[in-house]
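First chain A sits with chain B, and in the next complex the same chain sits with chain C.
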Partner chain A sequence: MKKLSLPTVLFMTLATVFTGCKDQGDKSNGALTSNAAERVYVEPGQYDEFYAFLSGGFSGQMSVYGIPSGRLLKVVPVFSQDPEKGYGYNEETKPMLNTTHGFIPWDDTHHPDMSQTNGKLDGRWIFMNGNNTPRVARISLSTFETEEIMEIPNSAGNHNSAFVTENTEYVVAGTRFSVPIPQKDMPIKDYKGNFKASLSFLSVDQDSGEMDLSFQIRLPGFNYDLAHPGRDKSHGWIFITTYNTEEAHTLQEVNASQNDKDFIAAVNWKKAEEYIKEGKFKTEKAEYAHNIFDEDTHMATSTIKDEVRVLDASELPGLVYFLPTPKSPHGCDVDPTGEYIIGNGKLSADLTVHSFSKMLDAIENEKFDGEAYNIPILNFEDVLGGTVKQPGLGPLHTEFDGKGNAYTTFFISSEVVKWNVGTWEVLDRKPTYYSPGHLSIPGGNSQEPWGKYVLAMNKITKDRYLPTGPEMNHSAQLYDISGEKMELLSDFPTIGEPHYASMAPADLIAPNSKKIYKLSENKHPHAATSPADVRVERDGNEVHVYMTMVRSHLNPDNIEGIKVGDKVYFHLTNLEQDFDVPHGFAVIGAENAELLVMPGSTETLVWEPKKVGVWPFYCTDFCSALHQEMSGYIRVSPEGSNTELKWSLGEE
Partner chain B sequence: MKKASLIMIIGSLLLLGLFKFPLWHIQLEAPQYPDPLGMHIFIEGIQGEEEFDIQNIDGLNHYIGMRTIPKPEEMWEFEVFPLVIIAMVVLGVLIGILGFIGKVGYNWFLGWFVLMSVLGVLGMYDFNAWLTDYGSNLDPNAIMKLTHPDGTPMTYSPPLLGHEKMLNFDVTSLPHTGAWMMFVGMSLTVVAFFVGRRKREKRA
Partner chain C sequence: MNIKVKSAAVLFSLLLMACGGKEEKKKEGFSVDRQKTTTEKPVEASADSGTPASERVDLTNKGVGPIESVTLDDNIDQALADQGKEVYDQMCLACHRTEKKFIGPAPKGILERRTPEWVMNMILNPEVMVKEDPLAKDLLQEFNGSPMANQGLTEDQARAVLEYFRTL
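Up next is the complex of A and B:
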């Protein structure tokens, strides 16, 4: 072997240092890492390694992306009508959007959270909040459809939601805004002391996933921002950030930012269960809608419920404690061990970390520093687990990689910062483009994260992509966190304004994804599951068309005897039993939408013809070589005429 | 002769596999069917490899005017074949037992094999005739009428054995477990014949 001379060694060392500086951040795993493009490239026909479920913010929906490619896989309609699929427009799903305020076809979605078993993601359901008209939705991860929506009474700005406990015992939904409870006409200036907050616990049936508003905890009239259920040792608790402990009702940007410390409310829900068992609740009148979509009937029903069990935190000791936290904390995150509770004080220069065991100790020794509305306030120093000093400006949210590290987004300084849980030392920081809100690591809010990637969801996109007028889609940025240093791999546009995202390995979700609905299990009352069921029936001015769809015809394709002023219900059943072969249905002049009917399911479109004529209807989803031929005519006669009701297929 | 007779009995009994396992398997692969469509042909009827494969094959076939895949009651073969197999099993076992107690000679084993082979060839002939008819006796109003380059109408009979490209589909037709058990069983009866004969020669 050739001997190395001193000058050679010196030169090599210098070169290493030089390139090391120049490429800082691009080479974290040494020679093994290839370029970023290769690491997010998923070959045609290959699958992504992870699913990412992103809330749609003001779009009211949930989008599904493949990670690392950033390919959009699907948009699942949740709280907003979706003309693409007929969701919220067809007769089957309209009840999903029913509330006590009426039919609300939009919302503001923030926090998708996946069901868990033993603190691990289990891939059964995703729960997500509707922020505006307080609601919680459950989305099935076998059908990727919204199966249930529960309205939350006594709540306003359902931001602090939907958070899932360690075994999906509850989905917890807290109010952001305090309001008069029960609602009444009163002066806004009398907010202080009169407005109240509710924290709702929705129990989850472990087989069906069906939710039940089990009970509410009544809390003082602060703003409750974000929450995280305890894990492992802190299982049985939920931690909630508060702001506006000042109880200001006007110019909140100033008036709600006066207190040096707000609180993290530590709520002992196991204790709440005991109180419920002991009957220490009040049953109060409260109307709320509970909407369920049945997979077998392909129909949703909406039920209005009228009472709720309430536990008052001011009257029931041991239920809630306040942990002082600087300053207007936003995100509240619990590390995978359940020991540390991170309060991201958005106006604070430092990150505050509380210790769960210190908290228990303080509670046991009654080391209280006063009270708020009869709820004990713990001493800041007694519960403090550590402080991350000067990590950045405007911390919002923290996730964990399962290797003892935490990653926090900083909105103002626009970066993701990696730090160690325990030493509180900042390990790495990477800029984002620009102003990240939440970030997500697969399983990063559970006891078992897959610490390979972090996805930062940015609020501002300017100059990242080709401009599209004054507004651009928000950008998500993917970082590789498998090495010591984070690496920015890619960014991609997202739909609406994604807040949180739940990410999970593809293996956990894909094998359970449903391919068709079985026609033999279709229990829709208006299904036509064979050509023998095809018919048209008149009932006064209502006409029910029982129609089938199969490649490549609609049966019947000729309908006569409809009159102006009729209300025509097209009940369409897709007879296909083949994966990914939906058929669409559109009729001229339909005021609602078109339909997209999945194999084996039934959907109903209402059509109220206003003009005399012979009007076409057709399949909207290119289904086969003869898709263009998949059409028919409906004859509309003048009001009061005697055209005979008849229908046919294939008759000359 | 006892050993030969036992082999004969086992060989005949292996035919019973046809009542449990498919005789033949036809697979249709195309780019838009990443999970190929498949048909299992049993002696008592045809089943899809997956629950809805038959329905989906029928859906495709209607473009070119093929009839739907026959149900068991629509073909006499599905009644007769099981009876023939049962009869041959009973006959084979009977011959084996008679051989065991020394009532018949080893030539009967070969006789059974020859009879089974003839029936097998007839069965294959019938199967092939059915495939040909199924693929060429097309609805005159078929949506798609395709011709070969020489102008003759295209037919769509799946191959009896092996692979063939049919339009955008790769069609593969192969014997399945039931058939392999039958082949092994039939081979055993030939083995029984030779074992029996060798024993006889040794004694002589």
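Up next is the complex of A and C:
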């Protein structure tokens, strides 16, 4: 055994996995399966070719994987508190989770989407939705930290989000559930005609990335599911699938599936910009929180805004058109040329493809088939670009390889199907294990895909790994799509429910990844950037400890004069200026979490001691050979005692 | 595979048994630890006739790193030294007090014991220095195994810190 090298062992393990797959219907032969093992194997110390940013679903986070290895590189906390990093627990990041519903420490993330320039991924930011308490987050791809969270007013179930237009002009967020706007106390049975939906356009500052809720479009009370901005020739439009055009308010499972066709809403946002310029909007009261993390002060602030500009699609001609699409369409995807809009009717046997140029022609010649709430419905046959006949059961999502092919997941028949854009011919199909939702090709939703891999993200795992009790982590499956036929390479467990993933070449991201925060640029008001700043100050029952951390001591490490009933703020500054040397901080009885302080940054932990005694605190992140020694004591005296406030390091 | 795993398990349990036996003996012989310490001392001392690395004088060793040659002007450049103090107070003071041994050695009088090149290489390239430079290696031992952190100074900043050391 000892003589086997690590590569060989891994190779054997993977080979065994693939032999296992054979029994489940995979027809690839032995020679190919061993080749697959080599193609996902990344030698120790070597880097992956692609980054994959997966939503964490109900974990509220975003995970970062290396592709093709499937190695987990990082979990970035976004909408959920993370005790590992202190996010949402420390004083600096608590404001990030502020909303008009109060402090909301969790959300349900679905769709990470990367910023683009000229329709190509540019590696600056990832935008991601919070589905439950409607929010959109912006994550920096230089610091891999959540930098901004915008609450979305007049929305409920922010599923149709966060989708980026081709020059990152806007991040678009639509509501899944319609609601009374403005919210009010009314009978649910009066839904029809009274509940409404909002499509929000968040403009993005091209330097800072900062978002602004520029305007909302008011839409009829359907459910808006998924969207895709136009590309190239269809730039300036966004296409959105709808369901529940029946406007059912109960037992939607049955009642929202009555109509033979629902719609893809085609929204002309360039036209919306014109209407805004012409002042055709209404300014409505709507409260929402806007939270920003400042990289220099290392602190977040939360501002409550109170109004929004609204354009009503029922009153403003040319803003929205409905494209009839069979049947309860879910995914809505636009091919790299911008000509084809694929509507995946999840209850339909066929895939419906609309043609953008036919749509423009139908609009020009007013080939209408009626209207819904004064919004024209285009004639189905006049906008139809093609149909992929009976490709599988339960189509959900489509991505593109940039070589004229599309790949669609089929939830019910558990497969990925490759088909040609233009001839609509099915070219290949491969099973997935099991029930895939989204799939992702690097750049596969942009004008320039890197058509080497497709990652299918499965909803059900079952027997793929060793059992871990009644629930298995969801799994992702990687296929090589560089050849004519797809080849299954590997599968790996994911965090939460991954929904969608954004993938990009490592070259686009890695060179900009930040290594340290410069101590000289630290503008945190409670930073202690040199030993001269180290101190303890009392203000009533509030005590502020300005503490530094460097391998391998905390300064001060002896503190006296704290009393039961005090509220102690530990402000920790990591003085290190070396890559990958964070220090942690934990104190006994803390009701929040630890801190994990990056080199050059400052974080604050609040501690309210309840017991008299001498209590230890220590560094949680094994930082050097003397890490165990990186600790200290804080003396807590009874309430009302006169113990002198003092602090020291290295004094006998 | 199975046979191999089984035989590995047998071997492993044999090892465990052997370890168990040893442990009992160790407990009896607590003094073994003491012997170890006493035998280590002479070895350490013999490395350089008992002088701790921090007090040894070596004005030829330039260390390992990017700095090959530094020319010091006879006069101290006070403006540069002031800049150096600013950098030192933020980046170095947490571990190096100017006049007394703290986490690391004090820089006062350092140029009486070290070449300017060695000092700058220690600032700029500490990870390699403690592995390859004999003096730096011994210093790491003398200072309790506490690693010198690379604070990411530029060569200009390190030069300024060196100038500041001349004023101490």
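Operating definition for what follows: the second predicted complex is superposed on the first by the 618 of 652 C-alpha atoms of A that agree within 3 Å, B and C clash if a C-alpha of one lies under 4 Å from a C-alpha of the other, contacts with A are read in each partner's own complex, and residues count from 1 in each chain.
The rule is short, and it goes like this: contacts are C-beta pairs under 8 Å (C-beta built on N, C-alpha and C of every residue); 3 or more make two chains touch, one makes a residue touch a chain.
The structure displayed is predicted, hence computed values, not measured ones.
Overlap between chain B and chain C is detected when the two structures are superposed via chain A. More residues of chain A are touched by C (comparison of chain B with chain C). Once the two complexes are overlaid on the shared chain, A:650 sits against chain C while remaining clear of chain B.
Of the two partner chains, chain C is the only one touched by A:530; chain B is not. When the shared chain is aligned, chain C comes close enough to touch A:555, but chain B does not. Superposing the two complexes on chain A places one of the chain B stretches 3-11, 39-47, 93-101 or 111-119 into chain C: stretch 39-47. Common to the chain B and chain C contact sets on chain A are residues 516, 550-551, 576-578, 625-626. Across the complex, chain A meets chain C through its residues 1, 516, 519-520, 529-532, 548, 550-553, 555, 575-578, 581, 624-626, 650.
Residues of chain A touching chain B in their complex: 516, 550-551, 576-579, 625-626.
Within the complex, the chain B residues that touch chain A are 35, 51-52, 55-56, 59, 63, 143-144. The part of chain C that touches chain A in the complex is made up of residues 4, 8, 89-91, 93-95, 102-103, 144-147, 149-153.
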